[in-house]
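The chains carry the letters A, B and C, assigned in the order they are written, with residues numbered from 1 in each.
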């Protein structure tokens, strides 16, 4: 037998291990044919995908991930280590959605794929425990989150952290990078403000419900407070409804869709109210999930409420720019560059409002190349896929330093943390701020 | 590589049987002699269909064949060993299909370039193939000829959209077609263009045409040194201006753009020493509306150009196109190079030619297509004594040694006696081993132009 | 085992993480932008020419076929492994090696993405002219292999007009240089024949291209029609008028409605067809020509001609054109795109024919094409789950291309023959003409190690299965001897 023949035979052997047959998807939240068949495998999205740009392989591209989903459905590919690896590696940044002319709803596909993974795949014991604890028992539970944050605060403030950093223990257990990414826990949590109403200063132009977020309330209270200040200074009454909860984004992205649904119902109940002109958030990731409650609750009776709710959700930059800023008290004469948070640019198609707000307070914007490409933060991605995330981050820092900006601005806390870590790694000394922080300095 | 015994006394009767007696003749062979070698017979097929059969027999019998158009370029390359048959395309001279609405034309290879151009001009369309009176479509393609219009319209490879040919062993081949955009099959046009008849006999070709310009303007700027002229060229390349012709003419070359008769046919001798020093000339031609031409004039104002009148333009560009012919007509011992070099090397090529020429008692007359990077350089003997054969070889090797690896300098013409002394083709940056393989595949018995190119 | 030995040899050449040999990874390389499928035994990601050469030597000695691959956006199955073998991905050879403004050349590795090169050239005022609609993804190596064109190649020429030098690794591993930075190297035009050889001659590992100045001024006109025939007649009128715009693109009403849903560029939803006409050059020329073109369009029956008022609107209009194939995914699960070419005088009757074919097979056919060059892209919509419909689709495609041939046209203007239109090659070329082409291939690729069973027709064909969600073409899978 010639080698060529045996090569053909090998191809056939591969064929045997990849027989077509019964779908490997089952249970709720199956990716549907209607969802993935819109992909015509043209490849136009490849170059927009951060993981493809770094790894250069189809398995880690949008087209490839959709194809893998399709093959699982066709029974040719098991929900096993390989499939899980590549789906895990996806940042869910949805740059591919912006790039895709065919209108593929990639976010919906990958979230369902992850839901299927949670249902049918046994992760290693430790990972399972951590994931389940974190997604099921921490984020949506205000009390437990506060307790953990307090512990973490102790670690950070007591000197334990600097001890751990200095003795190299973190490097030893491969946690050095992760440690750098940790938010600094606040001295006072924003949870204390829940149930409050902040009146508008001057003539009232609108009334909104503020969705404060879970982690943001223990680690970014200052930003939340700034958000309230900027809104009220602009004549907006801000209510922080007490019954609200975590938006469920991290859970949905990780495949914990039932947990996400429970949270969605709570939030709708707490904030869907005709008194509010809008439900405002300062976190892009929360915003895009809140806006997609309709899809999440599709199989629920509450679907129409969810859709009404989703229509009310506005990113704080979107809302402010739609009603227009009051003239700022101070101008900020700085050259800055703006990093588009994925869930704002791709998830919500919001690109101009934050830029307009920055210009309105006197900032001169210089665009960096690939400003709408993910920084690698992507929710908890920088924790779960640290090495790849850092590669993506380093590329981002290259783009930042190709500009002459004195300040980097973004509109999402996850991105802020990631970019700050990037500055550290690259030895750059630029401040990184949220659009709201910049506005806050001007009022 | 030529194998097999050839029975050559059979040639004429066999050809007559194949093509009919009116298509074969054995008298007046002088007209078809190449480098002094006379063919045994001349075949003038009356239909394209006869060519495969003719080449099949020739291939079997090991008869060597030279395809022959207008005969204007037959002295290229090494002297052909032996010519059994000259295959003249003169009867294949029809325009097969002209679709003015589609701006395309299909022509047989023996059609004269100038008559096809005239036919197109009647519809105010341009066949961008440039060749002087007498040259045929097949020959001009085989020789990959181009002229001053190359800057604006490209080389034959850019506007020839299809070709029909017959390989050395008589198999009909085709590349492309009649439409202006086409990627079905391999691009055999590229292979036939510039093959100098060594890979097959071109039977017909199809071209994309261009709308003829309503009007053109020509601006002549003059400089004291080549460096100054090149500076303006570099400026031009970065400017938004797009001339259809851009030629840098060295001071001695401008002698050949006039109608004055030479004083001495054997050597370069300028007109009676004039008071006026000859200068470097950059000639730029633009096509377009009044407003557009005015804009070009304005952009160029810094170089104080001279504007040619309509009549002057015609005469001037005809003379530039005919430069090579004029130079050879006046100096039978001239040596002509066609050089192709990266753009940034233009000045170096011009200076290298000047240096090498002076060292070996020649004068270098140069016309450089400066936005393309191709140059026509005539080495014209300076001495009253005819130069010795090795002098050509030495000058050429001296010249070539100063060019970069990416450049090539082909001797298109030199005295017959000098030919055996050196390599007329020079080096090429392209892969010779592949070229040899292609030659063997298309002409397995090496009957086409045996010895002209890729001699083994 | 046989494949294990080869895998470890490949890993020795390119490194562990640059070889794929597990089935679950390999299946991600069984597709490209076309409908064809075929799974390789290995995928390798070399980083330099020497590695490519070593891979070729190994493949040669093991008699494994090698299939080069760029971004896999090809529409004729060129990057598909028809009978196993090694897919050689050039995605990681993506450095721009040199931008040489003085010589108006750039030298790039084959994996450089088309648009990335233009982006790198833009600060210096230059760009790479061939602009396939897939330019934000496809590679220059792929462009060279397919001799790609684009909307603007009407005036500036296709890839072959812009390539002067190529470094090639031949099937036996030898590294050959074809051409250089100069306009034409002495001897046969090897870069000229290599371009468009669809990965069957060698692997391009470095490519020297011409770079062009960005035009001073650009005008984009949108000419709107109530009747497709008027649009077609405009193309004929413009050609005879002697105006050569930089681009003339046509979208029919059906297609532009799909496109508008994606880009919101202001394409008129109620029209039967639009022409997108672009003029570029000196300000003076552009303004004058814009007026002449508008007049010609109106005379031919345009209901309205508008000029994009700013760069933003221009970009949107073009985004609509360039993403048109993709946008079809919004309205149909699968499409089959044709790439026929016809003389420009035959545009009107060809459009009528396409409509007729659509009716006959009860299929929706959208029309979008490079009207200026007579290069049609009829898009036949179908649902791959419907076997009947799939069959009718393939039949309709074939009828359209046969019509193109009958009016003196061609079966492909830019997408290549690949494994998709091989059969039709015999309708376009005679046996002897195909034999001459096979001879040329043999000079480069004597044992068909590289990209076997592509471009030239095979003798026997059989059917492939249709997978859910994705049609597989009635792709000829050759089992018999190829024409040599």
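One rule holds for everything that comes next: a contact is a pair of C-beta atoms (placed from the backbone, for glycine too) under 8 Å apart; a residue touches a chain by one contact, two chains touch by 3 or more.
Just so you know, these numbers come straight off a predicted model, no measurement behind them.
Of all the chains, the one whose CA centre sits at the greatest distance from that of subunit A is B.
Relative to the centroid of all protein Cα atoms, the closest per-chain Cα centroid is that of C. Centre-to-centre, using mean CA coordinates, subunit B is 33 Å away from subunit C.
Look at where the CA atoms of subunit A average out and do the same for subunit C: the two points lie 36 Å apart. Centres computed as Cα averages put subunit A at a distance of 65 Å from subunit B.
Touching subunit C in their complex are the following residues of subunit A: 2-4, 6-8, 10-11, 14-15, 17-18, 20, 33, 36-48, 56-59, 64, 67-68, 70-71, 73-74, 76-77, 80, 82-83, 99-104. Residue ranges of subunit C in contact with subunit A, taken from their complex: 2-3, 20, 22-29, 31-33, 39-41, 45, 62-65, 71-73, 81, 83-85, 89, 91-92, 94, 113, 115-116, 134, 136-138, 261-262, 323-330, 333-335, 467-470.
Here subunit C touches subunit B in the complex through residues 100, 102-105, 125, 146-147, 149, 153, 157-158, 160-161, 165, 176-193, 195-197, 213, 215-216, 236, 239-240, 242-244, 281-285, 288, 341-345, 370, 373-375, 408-417, 421, 425, 428-430, 432-437, 439-444, 455-456, going by the rule given at the top. Taken in their complex, subunit B has these residues touching subunit C: 99-104, 124-125, 144, 154-155, 157-158, 167, 171-174, 177-191, 193-195, 199, 210-212, 234, 237-238, 240-242, 288-289, 291-292, 294-295, 340-345, 372-374, 405-410, 425-435, 437-438, 441-442, 453.
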